[in-house]
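Down below are the structures I want you to see.
Each of the next two complexes has chain A plus one more chain, namely chain B in the first and chain C in the second.
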Partner chain A sequence: MALADELARKQRSISVAEFFEKNKHLLGFDSPTRGIITTIKEAVDNALDACEEAMVLPDIYIAIKKISSDVYRIIVEDNGPGIVPDQIPFVFGKLLYGSRFHQIKQSRGQQGIGISAAVLYAQLTTGLPSTIISRTGPESRAYRFDIQINIESNEPDVLVREETEWDRTHGTRVQIEFRSTLAAKKRLLDYLKYTSVVNPHARIRVELDDESFTFERVSDEVIECPQPIQPHPHGIEIGHLKRMLAACDAPLEDFLIQGFCRVGKKTAGEMCTLSGLSPDIPARSLSSDEQKRLIDAMQNVKVPAPPTLQCLSPIGEDLITQGLEKEFQMDFVRARTRSSSVFSGHPFVVEAALGYGGKLPAEGNAQILRFANRVPLIYQQGACAITGSISQISWKNYGISQSGLPTGPVLILVHVASTNVPFTSESKDAIASIPEIEREIVLALQDLGRDLKTYLSRRDKNRIQEDRARAVCAIIPELAEKVAEIVDMPLPDISPIEGRIMKKVVAKKMIRDGKVSIEVKNYTSHPETISIYNTSQDGAGDATTPPDFVTELDNEYTKVWKVPLEPGSVWRVDYRGTGGGTLEIRGIDEKKIVVVDVDV
Partner chain B sequence: MSKEELDRTAKLRLIEIARRWYDQMVTGEIPSISLPTRTKQNIEYDDEAEVWKYGDRESVRSAGTAKSALHLLKMSYVIWFLKKQILENRSSTLRELYYISEGWKKAKFSAQDESNFLIEDLEILTDMQREAFHLRPEEDGATIFGPLKLREQTRRGARDIHCQDDVGEAGYQIPSNVENLDFLEHDARFVIAIETGGMYARLIENGFDAEYNAVLIHLKGQPARSTRRVLNRINNKFDVPVVVFTDGDPWSYRIFASVAYGAIKSAHISDLLATPKAHFIGVQPSDIRDYNLPSDHLTERDVAALNSELSDPRFATDYWKEQIQLQLKMNLKSEQQAFAAKGLDFVTKEYLPSRLADLGII
Partner chain C sequence: MALADELARKQRSISVAEFFEKNKHLLGFDSPTRGIITTIKEAVDNALDACEEAMVLPDIYIAIKKISSDVYRIIVEDNGPGIVPDQIPFVFGKLLYGSRFHQIKQSRGQQGIGISAAVLYAQLTTGLPSTIISRTGPESRAYRFDIQINIESNEPDVLVREETEWDRTHGTRVQIEFRSTLAAKKRLLDYLKYTSVVNPHARIRVELDDESFTFERVSDEVIECPQPIQPHPHGIEIGHLKRMLAACDAPLEDFLIQGFCRVGKKTAGEMCTLSGLSPDIPARSLSSDEQKRLIDAMQNVKVPAPPTLQCLSPIGEDLITQGLEKEFQMDFVRARTRSSSVFSGHPFVVEAALGYGGKLPAEGNAQILRFANRVPLIYQQGACAITGSISQISWKNYGISQSGLPTGPVLILVHVASTNVPFTSESKDAIASIPEIEREIVLALQDLGRDLKTYLSRRDKNRIQEDRARAVCAIIPELAEKVAEIVDMPLPDISPIEGRIMKKVVAKKMIRDGKVSIEVKNYTSHPETISIYNTSQDGAGDATTPPDFVTELDNEYTKVWKVPLEPGSVWRVDYRGTGGGTLEIRGIDEKKIVVVDVDV
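Our next item is the complex of A and B:
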């Protein structure tokens, strides 16, 4: 028998499931420790995506329970739209089955591998099926499935399918049991904390053995679900183009206009001319040589960048700031959302945030929070384009020390949102180094660095000023005491001087030669608008600045002036009278005002 | 001014400083003082008084900064202490004041220079001398020997003293507060102020005072205020010429300058301390050349001091420029006692008579 025949007998097709069984690391199941995180990550990603599509505020429940020495039961529940019973076996029991793979929009999951890989992993380590409960609405009943994957055929094996009771009106619950350890508990909690930072609209409750944690939502705004767009001519690959052509009944020109974004009659015409193809030939009739010419022409015709607003959903500067402030105590936090850009026809947006001080650890490398499409990236920090971009910035320019990565009490968040985030591998741990993306990251962080520098120098300046002012204010009372002793007079009131040195607003009332004067000086560095309330027996009819209003009660007149005060300015009013009464300043923080009645 | 009057004035002027701060505080102003800048760049020649005094440059110290606030606090403590000391009719030395401040917590002085400087500030602000505050230096006054009769108010009453007949070989010792002295009469043709004790003793031994009717005053190096005040008062009261005899080096020229023109540190009381009509006898750099005196080479510091004197307004005369430049060229300096190389009588028989004749004094 020829060797070739022998070999031919051994050659056979490999099921995807079989392939992944042998290549678990590609999906993030390379170790039992990691398996637990990956499973939760996949389940949470799906839950958030589902809620987003259904426009509901996500309410996610996670439970991790130790069943035996090395078997853990993981439960993830969401309040999403649920899955119709007939689809459930495929979603959870078939690899590469998903709703989002063919859409061009920002979403967390994409390929439809994640959760079914977890089911596969459970099956491989414990031999147990996974249980799924889902309900699509209050009118329908919940369904329960026990599912396994047929490894040879990559088809679901449904062990149990039954109607059941469930207290949620809609949503999905996944229960998976596999061999693992909780050695990476901290990392798991970090992952959930980071998820909560970039999903401030979600509430995540966790029960971890006997402990429970809640990551509360800070925003009640449902995020707008990104809308799918047509592919962009510059981002298309030949295989995809072939499939699109084969599925099309229209002539070439219509195919281009309808099948791609940013292509109008003029652009389609140019593409046809450049490729030497008639706009009228049926799209599906193109030979493979013609297809090749078409794709070349599509790359070379100038096409406006794809629309970004509808298909991307950046978190936004305010929500990032809120999310970070919720989970970290920092003195300074600022976020930046760049305007969208494009790489190879794929629209993307970079968002970044920079935090400083507070309870961040003062020593060691900066804390780096990486996100892709609102999903935290927790492994392979060193291989990620985000990390690379951070180290290429000269942080010393912004008052931060650096040894490769910036060091000190610094937190850096980078979120890359795209219709197609370029990961270095299927386990989605690190973003590939794409110059356009790196450039945007650097620009966003440099911009934030400038803000931080301004903050730091202002803080240092304030600190010096404050120290000085405090020192002065400690000495002046003693000086006043000594001076009063020397001149043998009562102790002078030094609060106006302190007000001046501590940079406050100082209001003074005095009477001289039958004239009452009220003087207000703003020694702060901010404009202030204050209301001056002066109650006395004087009507102040001749006031140099007439009061904004006057009320009278039992012969007591309350005169009110509303005064805007620029920093360093003085406001004064005089009127004839007998003085006495009270002076009160409102509309300003009590700590920033000193009121002195010279005649009391 | 009687002692009571002096005390009252000193007390009032001290209180006046505190009063200004008090008023500033009451009106909501940050207390401050302004003082002339006390540097070489800010001394000016006063044509009328013929002495060097502080110019118009002033620096303001306001309690708005921690450093200046502390300075004001220390000053208020000192004023408070001096007021008490004047009232109780007690006195203290500058060194004692420094130690007394130990109990003033924040207001304590870190070194005696600081308290000395602050007292000088008070002299400027009150236009009075520290003796009026009952403060005295701890250093001994210099000595006088010659035909001069004075009256000293001592604790045991007034004493009339003749500075040749009533004193021992070392002469009459000048007290720290010269305001207690009255100069009664004299028989002197001139006063000669001498830098070193060796030369002072040589002149006494050689009978220079009797032969020339000279009043000898030992400066003891850089003269104390009291010594300079005595020279100033004798010169003013009796109108006898004053000559200064020092070593031939830059540091000694400064001794002469402080006698004749006033010191930078005490320029605020130059008209009380300086004797503008004083003449410099020597040792002149040209004497080193002309008499071929034993000499040493100038050190780096000497050269730097000479160059600094070239830019000092007090030495801005043709005479001094010529002499200093000559010295820099020769690169030599000599002591007073170098004249001994020509015999012990040379200085009294030859050098001084010839220099005094040059200056038209004898």
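Our next item is the complex of A and C:
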């Protein structure tokens, strides 16, 4: 058949650069809108990783400038350790090149594709090279490179290489121009906001055409850089083991001890015994059959889990909670950092947080914040294992309504940290559905769900008590008045009735005939000192007890009285006014106070 | 800073094979369960593509055999044109190698990754090479190769190359062994079933451990193989144009005519004029600025859409409908092939079908069948633009309930055919969210939705009419009887009343005192000849009018009477029996018939 020969002539090797040029959507360059975000994400990932390695507090500058109707210039500058001149062309001008792919530790970049993909996209859409300036220290000169990628060979084309002046003493600056739009500005700012939430040690300044934003550093503690570990003997595949053996000059025992984490002399000995191999034979001399016996033995000898503390860098419960509280007003928020776990030999940790109420929108799906290795994930929510795991949970068990995703005033944050986050594509938008990871996410969220349920049922109980108090304190006096009128008797003192029912501090605000009254009774058996905050449009200059202090904002007066209250005693203030506004009591356990606003 | 030097030492090139070994989930090898399906999918894709190119009716043999507790041997054999021996190591032992990546035409394979990924996965999980046998024709010998991939270099390692005997006169056989499970057997068979639905010219035999299945060929027509086209001048990027110019020896005008589709002498001339360039200057001599002017001109001159009929191969409305009717029992099914469209210069066609009712499950989400270039997509439904587009549509407008996806007895098929299907990852599970494609899917489904709405409203109208008829024919006689009894008068003839209301052919089935009666009255003004089908457990041997024929199946008798009915006439049969079963009238427009089963 001549056809086979004809077909053979069409067979060709495809360069990685060609492949990703044609499939640029795999790298997050499927639309001009996404291009800017993807580029900034990749550059910021690199900057944060580099600063972490150099133990430097990151100071990142981002500029996005419109050059012509559809071309934007993107600049990202960091104060990291810089890149030595000979490496620059490869780091920026060759796909699949980098320092983090071969190391087993948590890092933002892990593929060696990201930033060179932006260079590729620039030359595809504008035909322009990208400019990189880098300096490795105050005593070194800065270098400037103009770089393109040779598509057929996936090797860098260096158009300019020269020494240059630069005001930073160390760091790297990338300048890339491509066809783009700023249509997704909000998404970009969200990305930066969430990046700063989980990287509180970073300062990020942004110049966006004619606006500028700064995400300030809120912590001066350098994040400790995770340290690489060796592979774990339980997570190794035979193909990988064969290569390690072939590259090893040492005897088998040393190979096991040096090549794998958590393997000491004793464990290595057990592995040799179980596989029937001498610890002294050269590792590279093993036959195929012996290799198979070895891997079986490695997987059957008990070995502790990988030392995750060293290679992973979770955010931590406190920092997550603080970060969320800074950005969202919620009535409830809790975070959980799970202990570490392993999938296919890769250590990982899941962290999650659950927020409820406050200013979260009462309608619609829960807000979901996804993070992987401290990087916010902003696209492909539907395709992500995080979203899948959230949908799997029966949120109704925790008092939250659900239609697929939970609905209502709910915020869910999930962070997956791993030495190898399994993304669904090179654009790193979504985490692939790996059962071990999904299980950890579900467990973390169920745990938080139980906390939320406790909170909600306590809140509901409080609400019932408050309703009851309202009935007691608002309706009973009226009832008493009517009854007194009917039976033509004087109005009885109903305070003891209220007290008996309530056994709390009861604060009442009432308005009648243009007069506002606030009355606080202590029905408990303990003395209490409380602060009464009353905010309304009334200045209360004629208050029968003048406030201890008053603040005014936009015609709203907040009047504060600090009041000691003996058990059984009553405190009262009256002033002329229109009422309205709010009444709040502080300085006392919220369970012991009932606020009744008859005036609402 | 010494750190930069230290970091530089860690910088390394990453081979494509290393990259995908670590990120094997990107290729569809994230779990042992998926491995088998992915491998068979890739091998079958190649087999069908090769047969199409050779204009051969595909005869594909698949065997899956358990070798040890967790290792399976997978064999896929085809009768395609075969592969010349020198190419075999590259086709199977090098990622990113193939004949279809550089051609602009619809094909199942398009990346040059698929089958070598299976070879990679085999050597990773079992350490074993894969065996390929191929023969290019009866006068050539067959060759056998044992192949592995050198991970560090992404080049083939040939362990065995020898001539061998093989009973096929042409074709290719792949044998791959890896760690796997057959847990997803149903999904595998579904994949094969749907593959055979959209490739009716293929015969697929499967041996699955100890079971065997055959998906028979139902069409003897060879699918015409799509022909490659040149890129379209409107879809070209500057980076790509620069490379094309640099590789061209011809003058500009010839470059335009030969290098692009839909560009003739006249169009090329317009492009030259608009860009202010002479048609005679050598294409490769253009300066950067001239290149920019050229691409602007190319994009602004009017050019017809790409010749999609040539490079695309849609399934067609009839074939889709037939395929679905073969596999599903539905009351309604329609298909639509849209006219072709373009995204980023890649031509594509969307086809869709909508099925309703019948044996589709009445509860739960609609069943969704996704196809890309005649290949069923079986994973990642949630991440697919097809699913996204389906959710976007307001199905309630078409009488279908919805919660995100449409729900109820609904089946939706969507096929996207393109010269470059934008998958969300190399595993080709889901189509990326490209606005142009989503728009076409939505339009196709809305169009079908309108058809369904018409069908449903007609059905509902029929149902209302039937209800009304039931009232008239079942209740009025009883009413008449009761009234006659009360006023002590003889029973009136109510037929004229029924007739006046109905103006249809009315068929009634009744049972009383162990006697079944079927009565058909023609209230229309035309003579009709109808066939009465009555299926029940009654043999009706004593029927007052013997049936024209009777068939029996599992104790169910179908009795058929062929009856001419003059306007106003009545036909009737009685037999002893228990009743039940069904009554159906054929041979008359369904709008003109009302069946009333008083016996149900």
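The definition used in the following text is that the second predicted complex is superposed on the first by the 410 of 600 C-alpha atoms of A that agree within 3 Å, B and C clash if a C-alpha of one lies under 4 Å from a C-alpha of the other, contacts with A are read in each partner's own complex, and residues count from 1 in each chain.
Just so we're on the same page, a contact is a pair of C-beta atoms (placed from the backbone, for glycine too) under 8 Å apart; a residue touches a chain by one contact, two chains touch by 3 or more.
Remember, it's a predicted structure, so these values are computed and weren't measured experimentally.
S.K.: In the overlay, answer first, second, both or neither for which of chain B and chain C A:Lys22 touches.
M.R.: Touch partner of A:Lys22: chain C, not chain B.
S.K.: For A:Leu274, select first, second, both or neither according to whether it touches chain B, chain C, the two together, or no partner.
M.R.: In the superposition, A:Leu274 contacts neither chain B nor chain C.
S.K.: Please determine whether it is chain B or chain C that touches the greater number of chain A residues.
M.R.: If we count touched residues of chain A for both partners, the winner is C.
S.K.: Report for A:Ala305: first if it touches chain B alone, second if chain C alone, otherwise both or neither.
M.R.: The answer is neither, since A:Ala305 touches no partner chain.
S.K.: Mind working out whether A:Lys508 is in touch with chain B, chain C, both or neither, as first, second, both or neither?
M.R.: In the superposition, A:Lys508 contacts chain B only.
S.K.: Given the touch rule stated above, what does A:Ile257 touch, chain B (first), chain C (second), both, or neither?
M.R.: Touch status of A:Ile257: no partner.
S.K.: So, A:Glu485: does it touch chain B (first), chain C (second), both, or neither?
M.R.: First partner only.
S.K.: Which part of chain B faces chain A closely enough to touch in the complex?
M.R.: Its residues touching chain A are 14-15, 18-19, 21-22, 25-26, 28-31, 63-66, 69-70, 72-73, 76-77, 79-80, 83, 106-107.
S.K.: For the complex, give me every residue of chain C touching chain A.
M.R.: 1, 3-5, 7-8, 10-16, 18-19, 21-23, 25-26, 30-31, 50, 53-54, 81-84, 86-87, 90-91, 94, 96-99, 101-103, 111-112, 123-127, 136-137, 140, 151-152, 170, 237-240, 242-243, 288, 291-292, 380, 382-383, 388, 403-404, 420, 422-426, 430, 432-435
S.K.: Where on chain A does chain B make contact in their complex?
M.R.: Result: residues 468, 471-472, 475-476, 478-480, 482-487, 489, 492-494, 496-497, 500-501, 506, 508, 596, 598 of chain A touch chain B.
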